[in-house]
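Chain naming follows the written order as A, B, C and D, and within any one chain the residues start at number 1.
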Amino acid sequence: MTDYTADEMMTVAAARQLRDDTACFVGIGLPSTAANLARATHAPNLVLVYESGCLGAKPDRLPLSIGDGILADTADAVVSVPEVFNYWLQPGRIDVGFLGAAQLDRYGNINTTVVGGDYTDPRVRLPGAGGAPEIAASCGEVVVIVRQSLRTFVERVDFVTSVGYGSGPGDRARLGLRGGGPRTVITDLGVLEADPRTCELTLTRLHPGGTVEQARAATGWPLAVSDDLSTGEPPTDDELAVLRALEATKKAVR
Amino acid sequence: MTDYTADEMMTVAAARQLRDDTACFVGIGLPSTAANLARATHAPNLVLVYESGCLGAKPDRLPLSIGDGILADTADAVVSVPEVFNYWLQPGRIDVGFLGAAQLDRYGNINTTVVGGDYTDPRVRLPGAGGAPEIAASCGEVVVIVRQSLRTFVERVDFVTSVGYGSGPGDRARLGLRGGGPRTVITDLGVLEADPRTCELTLTRLHPGGTVEQARAATGWPLAVSDDLSTGEPPTDDELAVLRALEATKKAVR
Amino acid sequence: MAKLVSLADGVAELVRDGDVVAMEGFTHLIPFAAGHEIIRQRRRDLTLVRMTPDVIYDQLIGAGCVGRLVFSWGGNPGVGSLHRFRDAVQNSWPVPLELEEHSHAGMANRYVAGASGLPFAVLRGYTGTDLPRHTPNIRTIDCPFTGETLTAVPALRPDVTVVHAQRADRAGNVQIWGITGVQKEAVLAARRSLVTVEEIVDRLEPVPGQVVLPGWAVTAVAPVPGGSHPSYTQGYSVRDNDFYLAWDAISRDRDSFKQWLDRHVRKAEAQA
Amino acid sequence: MAKLVSLADGVAELVRDGDVVAMEGFTHLIPFAAGHEIIRQRRRDLTLVRMTPDVIYDQLIGAGCVGRLVFSWGGNPGVGSLHRFRDAVQNSWPVPLELEEHSHAGMANRYVAGASGLPFAVLRGYTGTDLPRHTPNIRTIDCPFTGETLTAVPALRPDVTVVHAQRADRAGNVQIWGITGVQKEAVLAARRSLVTVEEIVDRLEPVPGQVVLPGWAVTAVAPVPGGSHPSYTQGYSVRDNDFYLAWDAISRDRDSFKQWLDRHVRKAEAQA
């Protein structure tokens, strides 16, 4: 078996989360890498939807951004940005929303806006919402990919950019959010799933070699651990080869 | 000078009403014939907008309908039907709306819905509104082309499909209609213009050979006649030749 | 992914008695063949929805398939009035026809709202006309920023939308060009959709002005060459204008209409 | 008909101190050359509007042209954060930067409302997020049919929208293809518009996926070959990704930023 990094394990685990023949709204960065890996391995008919308006993009290299020309060149349809949000995302046509996060709390609420200080005078100003609030609201379910640390896994996000389960059970329904919310969070340490009863993100799987203690130490709240905690499979040689070939395409364009 | 029919005079007079370098929202039938005549004579840069989504159509024959393929083939842009109404008509981008009518009253209100009886049990069921209510509301001004008779020029339309000046001065502003309304009505007898003070359609021009008495006899209300009543020019040989060539293209397709 | 089906199977599965059915097209790409199949399969109590009900809706109305019509302009485009439509409204023949009447701008925005998963749309429209007096679902709404009063219309959500298009690939991706009207919105607003196409191809070569409906947003695709006749399919056929002109005479009289229907629709073999 | 102008004349005439300016583009077709001309002409107190403010807005902010930013995602696309933007927000350098922050769905619909002549747009959005707490023009609206509560955002009506496109003809008809983003809406929502293009041609050959803006809906067109560099123009150029990566280092430090600006923008000859 080939050696691999924690990021590679995270990306492979995230890719495995995507089922074939579904439509996935792809955020930039790690989600785009994982979604393209899924399409290049077990999910050849995964429909990649990018907020730039590309429906069914089939890039043969990693896009440099969500507005990369390769996405338009290979898409089944290129539509306007208002259309992608209004006709495709908003009515709930997209099965999976695939997002990153700067901060995440136990109910899967996401912050990508400001960290520290207050809103008008923050310690760190982040890029902001982009498409995430409505992706998190409207997709059938949401998958989050984020490195796990005390900096990212916080008791309470400094700013709710995108709603997970709010403050717990019933909140999504009360808010009128029609998608299923963040069912799964993939990190460099393992996989967390929202407990169907409490809505709390619960460690259900560790990547090979990881420990519950590591995960707890990287989580800013008392982390719930599943009774059925399992250990995932390491990346296969094929997964790693495809992932590295994809990453190499990005460096080649650079 | 060539002989001509009253309909030809009406169409020529209507075409003359359209200025070059303006945008005209074209209804089907007589308006389409007149607008195409204008483009083929004195107004080569008249922008023809059809509710089928064709912007800047330049047909070299008369379209058989507002959805004729020649309109899409020759347009600067073909947009969706929602777009033509929302992005092009509604914001007031179109200078002139060019409409027909089944009934018309002294304030230029138009009926193309039902005649006689009541709405649920009419004597004659007409096609209905189509794009006309919003064309009449939003274009810079409206030109109506209609044959003048007691059947069409009525004291009060049986159904207000498209608003002219409502019941008189101030009504358009009260209703929030942003276009200028029906400034001009072209008939087979002459030209009526809305009096700027009373908003009442006033006979301002007769076609050659016509009389005020004829016009009054064909009008279902006491027709106002302008102090400056003039007589229009007959169709030029060129106008007639172009009009007849256009009409011939329609028969050729048939 | 859309299923590839025959026209008869597609209509049998997707169009049901009592359904709200939109068969859209703006003079171009009118799904005549699908309409005839609905007549042959004797659907009843349909609510037909369309901006521009024309000859195919006249035929469906005359054949007794329709109880209600939601529309904004009903005519024989470029020719005149629809006589079966008139006979149904004026004389309830062959069955009474209830009307819900809008303007084009209103109908287009109702489809947009349906396609967008919103319950209503906002527009500047209808104001001062007699339409709101007879169509109760035209209401007003105030802008929460300026206080200005605008018009609201409810979303259209047909049970099934039927459209005709140039072609599809084997995954059911549909390609339409020329005047594309409100077809995309009508398909996306509907719970189910059936698209008849001139041909199924291996690969959709891109065409200027194209609209592509991804196969995963379409329920079924049926190959029906000539399925828009007597209307036209840009790139495939031209309008049979003689038929539109002839329809005026055929449809004026109930008997000549019934003879035409028996000869040309009811006894015709199912296509595809 | 749009006027054909030089970039310098177009900016001088159409972009004024204190204006609300939208320079749109979704990674593709970013109007960098026009942004640099605005910096050279020392515009001040601009309110910049854009869904995805990126490197060109970072440059305008760092150059002191901007007092307010209306946006939904500010970053160096595919690379990381915008350091001049951060420095302005966190340290008011070189001048304070006021923010009005939305989501993409909200911004896109605000342009749609502006292009449609409506005062507001309705969407399912923002609900439960902290955005409405800090952005007062996110409100609610009730459906007059279902009673459901939805979100309302006000129309965007920029004083001027600046976009880059592939080409235009001599009548100023503009042709854009590839990822066309929200450019049409941004142009139609604005009171004035300036389009820079790679080239002026005699005739616009139709291209699949094209959006055409008729010349009568555009104020001015300026030929600026390469006007989107370091972003890209589909069919004309590819993204200069090295620049985007290099920008991260250049922009982290005020002095290196100022040196870059002096060398590459301020002392550069005006294009076209």
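Going forward, a contact is a pair of C-beta atoms (placed from the backbone, for glycine too) under 8 Å apart; a residue touches a chain by one contact, two chains touch by 3 or more.
The UniProt protein names, listed by chain, are A, B = CoA-transferase subunit beta; C, D = CoA transferase subunit A.
Note that the structure is predicted; figures quoted are calculated from it, not measured.
Pairs A-D and B-D differ in how many C-beta pairs touch across them, and the larger number is found at A-D. One simple way to say how far apart two chains are is to compare their mean CA positions; for chain B and chain C this gives 28 Å. For this pair, chain A with chain C, the centres built from the Cα atoms lie 40 Å apart. Looking at chain A, one finds that residues 86, 90, 138 touch two or more other chains.
Residues of chain D found to touch two or more other chains are 112, 117-118, 123-124, 148, 184-185, 209, 211.
Chain pairs that touch, as defined above: A-C, A-D, B-C, B-D, C-D. Per the touch definition, chain B reaches chain C in the complex via residues 28-29, 51-54, 63-69, 71-72, 78, 80-82, 85-86, 89-90, 113, 119-134, 137-138, 159-163, 166, 171, 175-178, 253-254. The residues of chain C lying in touch with chain D in their complex are 117-124, 137, 139-141, 143-146, 148, 150, 152, 154, 206-210.
Against chain C, in their complex, chain A makes its touches with residues 21, 23, 45, 47, 55-56, 76-77, 86-87, 90-93, 138. In the complex of the two chains, the chain C residues touching chain B come out as 26-28, 51-52, 71-75, 77-78, 81-82, 85-86, 89-90, 101-105, 108-109, 111-112, 123-131, 134, 148-149, 178-182, 184-185, 209, 211, 232, 234, 238-239, 241-242, 244-245. Listing the residues of chain D that touch chain B in their complex gives 1, 112, 115-118, 173, 184-185, 188, 211-217.
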